[in-house]
Structures are given as structure tokens and as C-alpha cells.
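Listed after this line are the structures, all set down as C-alpha cells.
In what comes next, chain A is part of two complexes: it sits with chain B in the first one and with chain C in the second one.
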Partner chain A sequence: MSRIAEKRAELPAWIADALPATAAAPNDIQSAAREQITQWGLPSLRDEEWRWTNLRNLSRQTLVPSAGSAVAEVPHPISAVLTDALVIEFVDGQLKTLPADLPTGLTLTSLEHASPEQRAAAFAPAATTPNDALLALNTASAQQGVVIEVAANTVLTRPIVLQWQDGVVPESFSQTRVSIQLGAHAQATVIESVLGMNQNLCWRNTVSVVTQAANSQLHHLSLGLDGDHHLLTDRTFVTLARDARYHSLNLQLAGQLIRREIDVNITDTGAHCDLFGLMMPRGKQVLDTHTRIIHNAPHTTSNEHYRTIADEAGRGIFKGRILVAQDAQKIAAFQDSRNLLLSDQAEIDTKPELEIYADDVKCSHGATIGRLDPEALYYLQSRGISFAKARGLLIVGFAQEIIDEAPLPALVDWLTKQVTRRLGGTTVAE
Partner chain B sequence: MSEQQELEQLVQRDYKYGFVTDIEQEIIPPGLNEDVVRLISAKKNEPEFLLEWRLKAFRHWQTMAEPQWAHVHYPPIDYQALSYYAAPKSKEEIDANRPKSLDDVDPKLLEMYEKLGIPLHERAALAGVAVDAVFDSVSVTTTFREKLAEVGVIFCSFSEAVHSHPELIQKYLGTVVPAGDNYYAALNSAVFSDGSFVFIPKGVRCPMELSTYFRINAMNTGQFERTLIVAEEGAHVSYLEGCTAPQRDENQLHAAVVELVTLDDATIKYSTVQNWYPGDEEGRGGIYNFVTKRGDARGHRSKITWTQVEAGSAITWKYPSCILRGDDSVGEFYSVAVSNHFQQVDSGTKMIHLGKRTRSTIVSKSISAGRSQNSYRGLVHIAKSADDARNYTQCDALLIGDRNGAHTFPYIEVKNASAQIEHEATTSKISDDQIFYLKSRGISEENATNMIVNGFCKDVFNELPMEFAVEAQALLAVSLEGSVG
Partner chain C sequence: MKLLDIKNLHAKIGDKPILRGINLTVNAGEVHAIMGPNGSGKSTLCQVLGGREGYEITEGTIEFEGKNLLDLSTEERAVAGLLLGFQHPVEIPGVKNIYLLKEALNAQRAAQGLDDMDTFAFMKLIRELVKTMDMDDAFLHRGVNAGFSGGEKKRNEILQMLLLQPKLALLDETDSGLDIDALKVVSDGINRLRGADRGIVLVTHYQRLLSYVEPDFVHILYKGQIIKSGDKSLALQLEAEGYQDFLEAAS
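Up next is the complex of A and B:
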């Protein structure tokens, strides 16, 4: 039979040249990943998971690996909102400060000083296909990062904030790895906040590995609120043990290209995950989230709500997969993707997937794409509210349901302001 | 455990069309190369343009790779081991392959069609259906031709149309599914043997429903038929297609292409009941059904409706699509896909909205039992030019048994802000509550299941022409009744 071997584009030289001989990953894992990335190159539109997200712009650049010289420029705005937060600062992917006076039960270790066991846990997920090329690249190169460990029965009241300042040095790129380990019955809130600095072009490829023991609870927020030119590729792996709960809020407003992938593996009964997301691409932004929830055990549940508001020439991409393994009975999984398209230059691509191998399940998904309801706009205007304001009200209302999922009231207020401020700049179309 | 036994008993239905008709056939030796393509073309005495077209398709096919993205698994197909042409020999081999009238057709063949229950001869008159029956590679007979000719409708085999209406073939062939469209379409374009051609002239409403019956009979053959339906301005036609094959241990390939063209205000309704041999309980044998079906709603206010009931085939790879090019054009897709044993289905539709105010509706129901895998894969694409486009999609999956899979892969791409898209999908089994409720009303479990499954598929069955709706319901009942515990 005529099977033509697929030709893949080579890994750009500036990435290949930056591949270190050894990195933080255990040596055998690192060298295997190095081999994979060299063979695969960057993902292309021909790879199913990347058919809507083009990395061509990235591969055409020549970025330099970030060195340790950059220093933090501004205090992170979120520090003013969450005054008791434990702030971990990264600048261009380099760990700068770890907070002092940690509450009991919390251990923070920089990846450089991590023990072999900690490293093995942090680098556990393995790449299998060219779709995972960026994971392989990260495994092959990441040297910077942090290991967050919350001991069993510890309830952390202070949120942990990972503050990423990217692009302090223009045209740089970095690879980071975060490991979050929760012991049994532990509870924590981890907020990752990304700032693209000084409108500089830069790229950070990061991987987070979350492991939750029985009955633990994690609120995991990813906030991209500032900066127009940075690129971020971020993959998060979550493993849930019995009765563990994972709650994710993914709020992306900024960046030139943001690609988030969230893989949740539910391994035991009673576990639950909530994935909430809001993306607001405009300008020429590409904001992309791919989620995969795997129900590997019976009596597990998941709930996913993603919304996109695309304006100007922005592009929103959502792909969500729910997979129910064989014999994982009594599953309830719900997913919806609701999208607002505000301009004819904007584009929304969505693909809610169900892959079900068990029969006693209730799984459903819904997707809608549309514009603002003209009747709702008219109603508001007939009450004396200006068009622009009415439009803003409807959009914020649409976004609010997701923002309300933030764990702290102060954070909800602050995020609402960020979204409203963001809308102030949008042009009134139509 | 009585429920379990009942389940097994009922799920293990036999394939009632699994007989072989022992007819002398003319088969060319297995293998595929340019000579084979030339030979097929020569056998059919084709004009030069068609041979060129075939060769172009074949050369392109050689550069292509078999698609791997579908959610199906099968051992690699050896395309050189297949025979690409098989024709039943008529009693006197006059007029190449084509019998002059029904009387010339081998009685055994007619007997077989009788067995299949096709309204071919007098029965056709009763049913009021004009049938073009394709047996392996050659179109055997077309009924009701004169009556159709009176109103100007052309309904004949493809190879006949090539001779009688070459200008139409040349104008429309490959304009919807280009020769190099995909791997199987390219293969089909190179080696297609026969099929049906329908042309409804301007303003004509086809007086009866047209129908084709496909049957693969010979061993080690592939069937590559090609259907082209053109509805001119204001024309209207309803077309039915049915398929069966004998029971064999090896897999057989069926790679068909269907092209529909509607001009302004025209309507084509294309209904399929696909019941190819699905393989046995162990997953041995069965048809690989790799089909490209596409409609081009070229004219304004035109409409294309695909309705399908998919019960057979070991593997189905089929995405009847609509290109909604004309303003205000409408595309519809109604599907019931039933899979049992080791069947694999990867089917769905593509709705490509290009024109303004185009609308599409997708209703897909899948029922999986046994160890089958049933996937819906669909694309809704709203181009920048498609102002005020509208799509509604509903995909529901019903699972019977815990060793099968039901999957949904909908791609939605929107580039126009005035579009309104809704998509919903659910997956569940028949709930114990529903069964309990019906049982408490004195309805047996089997009947209760039947009611629920029929209710589940009702939206689609309502879209089928009458004769087919009855057949489809019967088919579903045989496939699944009582198989829920």
C-alpha cells in the first residue's frame, strides 16, 4: 500500500541549540524527551490537537534562552488584592524569591534543589505523540521551577501566588516546571498570574504537575491579565485520588498566543473536578484552551464551563474532551462551551468531545456560538441605557458567571474590574 | 439472568441477506495499476476525457496516504489484492454488459433481487419506485425509464449516461467531490465501475421516488460506484439507496462517491438504508464502507437533505456533507447509526456555510451494543461570507451493554459574528426508571425497550420516505430489541 511517510518540519535551530545535555528531569527521562523533541519538531497544523493553533509565528522567531540576570520590575498588582498571599516570584522563568515564614505543613522547594523523588514526581507525565512535543521539549530543557508540597491534613488559609513576569528581557524564552503535591485531606489555593512585561515578545513553555491524595481540595487559578505580545504554552496534568476535588479557573485576557492544556485524570471513586474558563481574545490574539478529563474510576463527576468572547480579529479556541473508561460506571459529566462573537474578523473554533466506553453514564455537552441578543440590547436601550453601556453590561454579565467561581470575594471583585477595564478599550462595532 | 439471555438471543440476529448468488461473473485479476484503469475504461468503451480523468485521479491517489484520523481500527488493506472489476455475464454477451430489457437479465439475478425484496419488476409498479440496481460493479437494470423520460428526467446507469449524455457528465462529474478529494474518493475516481446518474431538468418535480440498490456479490472484489444527481432550477427529487452483501469471512471494500448538485430553488432528498454485511459476532468479515458523499447547494434557496439509517458494515467511514453555497440554501442531515458486535462506525456530516442566511440542521442518533464503537464526527463551518447563518446540531448516543463505546467529535468553526450555532450532545443508557415505568404499565421489557429506542430515533425516521421508514424500523427492531437489561 502506498503510505507516504509524513515529513515533519525540523525543530528550529534556536530551540535545538538551547537543548541542554542534562536538565532537572531524571537523566533517562530527559534524554528520552530530548530525542522525542529532536525527532518531532514543533507541533504543526497536521497534528490533530494543533489543527487550529499555528505555531508558525513562533518558529520563525529567533529567541534567546533567558539567563538569570533579569530582575522583577513592578510589584505584582495581585499582591495588593491578596495581602496575605504567599508570593513566589519568577522573572523570565527564573525563580527569584520564595516566601519566608511558611505556615506549618507547607514546603516550597526550588526545582534546582529538589530531591530525586521530587524530580521524579515533577517529571512523571511522558510524551507519547507529536501532539505532546512541547511537553517533551519542557522535560528535555526545564531547569527552573518550584515544588509545592502541602502535608496531609493541612488546610492553608493563605493563597499561594505564583507570579510570572515574562519578557523583562525582550525576545527571550524559558522552560519552567511546577509540581503541586497535596497530601490527604489537605486544602490549598494556588494562583498563577502571568504578566507580559513592557510589550516585549517572549515565550514561556511551562508544565504543571498536580497530584492530589485522598479527599484533598485544590483551587487552581490561571490568570493572564496583562501584556499583548508574550506567548505562553502551558500544560497542566492533574491526578485525583479518592474523593479529591480539583477546581480550576482559567481566565485569559492577555498575550499574543496563549495555549493552555489541562489534563485531569480521575483515578478513584468520589473524585470531582470543576473546570471553568473565560477567554477574551481581541486584536490579533489567539487564546486557546484544550482540556481532557479522563474518568478512570466509577462514581466520579466532572463539570466544565468555558466561555469565549471574541472581538476585533481575535481568535478563541476551545477543545474539551471527556473520556469515560470502560467499567467506569455511574459517571456524571457535563461540559458546555458558550461563545460570543462580536466582530466579523473574529473567529471561534470549538470542539466539545465525548468518548464513552461505559454505559451507565450521564454525559452531555453543549456548545453555542452567537452574537449579543439584539432584543436584550434593545430592551436596555429602551430603558435609557446607551448602546455602548448596554453592550458592556451584557458582555460583563456573560463573563460574570465564570468570574464568580473565583474562591475569594476580594478576587472576584478585582477580576470583575479587570474584565470591565478590558472592555472599555473595545471598539463598538455594528 | 433471563434478561441477559434475552439480550444475547436477540442481539445474535442473523444477517438475512448473507446469501451468495451463483452467477457466472467476469472478473478481472486482482491488482491495481494504470493498465487496470485503462482496462476498466476500455471495457466500458468510455470517451477519452473520462479515461484521462481516471488516470489523473489514479496518479494523484498514488501520492496520497490512507487517512488515519478516524476512530476505527483495522488491519492495513492490500489494495493490490483486490479485483477492481466484476460484472455478471448476461446470457448472451451482447451489448457489452448491458441487457437490453428485463427479459435479458439473468433470472437468477432477478430471483436474488426478489429475495432482497426490491420492488424491481411488477412490484415496482405497485410501489411506484423506479429502481436502478447495481450488482457488484455493473448496473443491472433501470425500471420505469420511459415514464421518467416523458417528463424529461434522466435516470440511468452511470456508464450509459457517459454515452448518452457525455456533456452533462463532463459538466458535473467531479465538481462536488474532486478526483483528488481524499484517499478513497481518488481511488473511486480511478476505478469506479458504475453507478447511477440522475438529471432532473428545470422546473420538474420528479413524479416518483428514485431508488438504487447496491449489492456486492463476488469474492475479493471492491465495489466502487459513483452516483451523480443534478437538480436544475426549481427541480425536486427524492432518491433512495439500499445496500446488502453476502456473508463472507474476509473483509470487502466499498468505496463509493455520491455527488449532488442543486441549482436555484432545487431540492434533493437523499435517503440511505445501509445494511452491508456487518461481520459475525467475532468481528470476522464484513464490509469496509469508506464512502464520500457530498452535496453542493449551488443555487439560491436550494435544499439538500441527507437521511441515513446505518445498520451494517464492519467499518463505516462516511460523512455526507453539504456545501451551502447559494444564499438561503438549506442543508439537513438526519442519521441513525446502529452498531453491534465488533462494528465500528465513524460517521457524521459537514455543513459548510458560504452563502448568506444559510441554514443547517443536524440530528444524529447513535445506538451502540455489543463491543462496537460508534463515533459521530461532524464539522460546522461558517465562512466569513455567510451572514446570518444558522446551525442546530443534536447528537444523542444510546449505550446498550458495557463493552461498547459512543463518541462525539464535533468541530465548530465560526468566522462570522452574525452566525448562530447551537450544539448539544448527550450520552446515556436507557434508564431503569423508564423501563420500570413502562413495565409497571404491563408492557414487557422487550416492548418497552423497543418503544424507547424507536422514540429515540423518531426524529430521524420521520424524515425517511414511507417505504424506508418501515424497513428501517424493522431493521432496528431485529438489531436491538430487548437488548437492554
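Up next is the complex of A and C:
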């Protein structure tokens, strides 16, 4: 940034005042981050990665740091579906329970009790520009979180569920950090499920750091299905070693503002990532995902499908960047963004961004924004199905192709029901 | 009893008159075949009966079981017992076939004041029908017509028809693009619907279908009018001699 750049807005006092002297990050990293966030303030529309997403509403609030007194309120709905899940419970960003009797090869450590090595790994990604201000804020502040380690050659059959109940205490905010480390040939499924509680306003700023050793495989789901008023800013860093495979399913239906950023660094040959996403903003919701995939090695592949269904005055944002580094030949990168506008007030912004510095690259991308197909509506109506039902079937159908990417059949069924319910329809049981 | 009674029907698309005075009566128990050269208005007639948007009815009346069909929406026509088999069935990826079938059946039951069919009974019924159509159960779980071959799409239309048991089935070129085995399966399906209380209208280009499903009446539609009607021998005559003589006689 040049010197003559306009002055940035100051970090709101309620955030600045809550910055701790030390946190879970190693001390030098924490204090550097603290300096960055103090200098940068929150991201603004002038920052390239925030051009479409305004945090002004957030900075005008006065939220209080969550203290840890809140207790979990409801049994999480997903536990009824995944009965064998290993559930890690957070309430307002505070770790409440770690499951007992873990399968061999799985270690769960509260961030508070993490070793210096575990902390170093959890806080490895460094902020470099004001676009990363929330990362810096998190590094400077996070004390709560969990370290999930899956030992080499361990195949976990039970899914790990991180359940985040946010807003139990109204007008609170929290900073959390999750570290997921997979050893060579390990396989795991981690499902993060966020519940905005009691329609309370609240904000959680979280960062996940995923590191996958050779030939490991992770299914990582982020489910935002309930609550209208919470804000979530969530950045996920993924580093893939040789032949590692990362599969992300990002399903966002709830919340006032959800901003997800997924950064995948493919560092070695044979590695692959799948990024699937479905966002369904309505009301005045802003649901935003920015993904960045870096192909840093030859013979690597990525596959990305994002869909947005925007109704009422909802706003969906998808920006997908793919960077192919020099010398990274034999790359195949596929990206597709399909979007459905259901009302005149709804808005969808979608933008692919390809930066390719190698020449032997197969890269395809496409983006469409459309309305429901009248031919398909008529066909369904000609079978006696009412307009409203036909519309619902088509919308769920549009979403279904993304939902089908969920790893477990029981989860696919349940998610289909959630989306159908959200559309005000009844489910079609089989 | 009159199921369908079309009198002097005129319809246009935009400024273009397509149907120019159609008269057709279908009684319960009858099978009618409508033949005619490409572009003569056969599909247009079917779509007007189905209630598709974009057609303007400028003259004439259509009664279905004595009620004004034009007063009913597409879905009301369907639940009243009219089923349209599409010449080009629409592909709807993402919406599973089984969902369409179940919603369609339950919509019809709701109109008759019945509760939704029990899932178990529904699955049993649909599996039997799938078998009779020589289809695989996997079709139920695929998107509606998505990636189906031409023949598979047409079987799917008949599958829907057999499930919904319409009073009047209007089948637009359901036999086109079928190989001989598929044609037999589709014809058997149509014959199973045939009955004293039902009517069937087959739009076709080929006598071949009519040797499996014997019609009571055959009509030739040309330039939006029925220019000749007869019994099944008319189709044989058409097959042997072509349209030319009929068209010349008409103009």
C-alpha cells in the first residue's frame, strides 16, 4: 500500500479493547498479528477481497466478548442423524465437551492444552495484507478451539462433528481456531455445524487450518442451517501433500452474514480438491464464499461447483480464484458457478478469477444466473403438481446435485429435508 | 358418454394461426389416432388441451366431461383426468423421477379427497409398473428424463400414464424413435389403459403403432383442420398411398 492511500477506519473500540495481551498463538506470532489488526482495522469495501461484502453493520455494533458461562441449550439435531458421531461441543465459541472413548489413532486436544508444536501448526498461516485482517484478529485473539489429529494409516469410520452454538448469550462475539492434521493415508470426515441460537445477534470469527499428509483424505463439511441473526466469518486454510484429497461441502442457509473463505494450497503431485457449495440467501441475508485454489505442483487437479439460490432481498456472493503456478504443468481445474434468482430484489454476484502461469493446463469455468425453467414447470404441472409444489421441486432439484455430495446417505437425506423445509415444502418420502 | 368435445377450435401462436377450426369428439371407450404431415398442428392441439401458455384461443370451445376445459389450469386439467404424453419429454436434472411420480399421484388423490398414498404401498405399486415397462428400478432415482435415451423417455411417459390412470390420455408421438421391442412394451402399456370408461388419442406418423393399438377412428390433420376421418383402414391406406391424394382433395 502506498503512503498516500486513504486512511483506514480504526478498529472499533469494542474489538480493540477485547484484544488480549497473550493468546493461544505463539507469543511472537500473536503480537505481530495484534499489531497488524490494530493498524489495519476491519476489512472495508476498498480491500479487493471485500468489495462485495460490507462489514459496516458489524463495526457499528457493540458486542461483548463471550465469557464461557453459557451452556449448551439443545441437543444438536444432527446427532439424531449421525448416531455414531464424535461430537465436540462449542457454546459461544467456548469448548464445552470433547467426546470420550476415542477410536485408535484419533487425538483431540483443547486449544488451551495444546503443546507448543500443536500451536505452531494451528497458527501457521500468516496475514499479509488488510484483506487478511480477520485472520490477524483471530491470531491475536483466539484462546478457544480444538486440535484434531488423525494418525497415519488411520481410517476413521465415525464422523467428527463440531457443533457450534452461537448467540446463547445475546450480542456476544468470539474467536475460535481449529486445527485438523491428517497423517499419511489417514481418512476422516469432519462436519462443522453452526446453530444461531434464539435469534440472537452474535458474531464468531473462526479460522481452520487443515494439513493433509501424503495420500490422506478428508471430507470437510460446513453446515449453516439454523438461525437468522448471527454473523460468521470463517476462513479455512488447506495444505495438501502428495496424492492428498480434500473434499469440501459448504451449505449455507442461515445467518445474517456468513462469509467463508477457503484457501487450498495444492503443494504436490497427485493431490486433488473438490469444493462444493450451496448458498440460499433470502430476507436480507448476505451469504458469501470466496475460494482460492493454488496449483503449486504439476499433475494436480481441482473440481469446484457452487450454486446460489437467492430469494426475496437475499444476496449471494461467490468468487472463485484459481492460480496455477509457473512450472505447474499437467493441471486440470474445473469450476462452475450456477445461480438461481427467485425474486427481483435478490442479488447474486459471481466471479471466476483465473491466473495461469503455466502452459499445459486444462482449465474450464462457467457461470450462469437464471430463473426457473418454464418448460420444466409446465411439465410438472401437466402431471397435476401445483405451481407452488412444482417450483419447490425444481428448486430442491437444483440444490440436490450439491447436497448429493455429502459423504453419508443418512446425511444426504437429512440435508435434503432441511433444504426442503427451508423452502416451506413438505418432503417427498421414499 | 362424451369425454372430450372440441368444437370449431381456432388457436394462434403470436400472429400465426395454427389451428383453424378443429372438431373432434372422443367418447369413453374409444381410441382415436391423429395423423398428418409435419407442422400440421398435431402437437399444438395437444398443448392447447394441456393448457400450455403462449397459445391464444380465438374461437371455439373445448369441453372435458361436459365442463369448460379452458377454465382449468394445467394442473387442474391433469388432476381432472387428462394426461398429456409429450412428443419431447422435458429433462429435469436434480428432480428424481420418483418424486415426480409420488407428487403427481398424491396431487390426484388430494383432488379426489384421498390422503397421500402410504409410502410402502406406493413403492410396491411403482416397482410393479416399472417392471411391466421393462425398465430398471434405477430410473426411479435418476433425474426426470435426465440423460434418458429417446426410447427411455417415452417409456417414462407411459409409466406416468399407467400410474395416474387418466380418463383421457393424449399421446403425442409416443411411438417415435422406438425400436420394435420398446414399441411392444409401450403398446402393451397403452392397451392396458384401454377400457370402457377411458379415452385415448394417439398422435402418430406410423401405422406400425396402430397395428398394436387398434384405433376406432383415424383422423388426418392438415393445416390446422381435420380434413378426413375414417376407421383403422384409413391409416393403412395412408401407409400405402401417402398423404398426397388426401391433401390434394382437401385443397
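Rule of thumb we're sticking to: the second predicted complex is superposed on the first by the 420 of 430 C-alpha atoms of A that agree within 3 Å, B and C clash if a C-alpha of one lies under 4 Å from a C-alpha of the other, contacts with A are read in each partner's own complex, and residues count from 1 in each chain.
One rule holds in what follows: a residue touches a chain if its C-beta (ideal position, glycine included) is under 8 Å from a C-beta of that chain, and two chains touch if they have at least 3 such contacts.
Please read all numbers here as calculations on a predicted model, not as lab measurements.
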> Taking chain A as the common reference for superposition, should the pair chain B and chain C be classed as clashing or as fitting?
Replying inline: fit
>> Could you work out the angle between chain B and chain C as seen from chain A, using CA centres and rounding to the nearest 10 degrees?
In response: 80
> In the superposed arrangement, which partner chain does A:Glu117 touch: chain B (first), chain C (second), both, or neither?
Replying inline: neither
> Counting only touches as set out at the top, which of chain B and chain C does A:Glu375 meet: first, second, both, neither?
Replying inline: second
> Of the partners chain B and chain C, which touch A:Ile385 in the superposed model: first, second, both, neither?
Replying inline: second
>> Contact-wise, after the overlay, does A:Leu394 reach chain B, chain C, both or neither (first, second, both, neither)?
In response: second
>> Going by the contact rule set out at the top, does A:Glu355 touch chain B (first), chain C (second), both, or neither?
In response: first
> Who touches more of chain A, chain B or chain C?
Replying inline: B
> Does chain B (first) or chain C (second) touch A:Asp327, or do both, or does neither?
Replying inline: first
> How far apart, in Å, are the nearest Cα atoms of chain B and chain C after the overlay?
Replying inline: 17
> Of all the chain A residues, which ones make contact with chain B and with chain C?
Replying inline: 429
> Any idea which chain A residues touch chain C in the complex?
Replying inline: 373-376, 378-387, 389-390, 393-394, 396-401, 428-430
> Residues of chain C touching chain A in their complex?
Replying inline: 50-53, 73-75, 77-79, 83-84, 86, 89-90, 92-96, 98-100, 102-104, 107-108, 111, 119, 123, 143-144, 160, 164
>> Show me the residue ranges of chain B that touch chain A in the complex, using the header's touch definition.
In response: 61-66, 69, 76-80, 384, 397, 399-429
>> Please output the residues of chain A touching chain B within their complex, sorted ascending.
In response: 1-4, 6, 48, 52, 326-327, 329, 339, 341-344, 346-371, 429
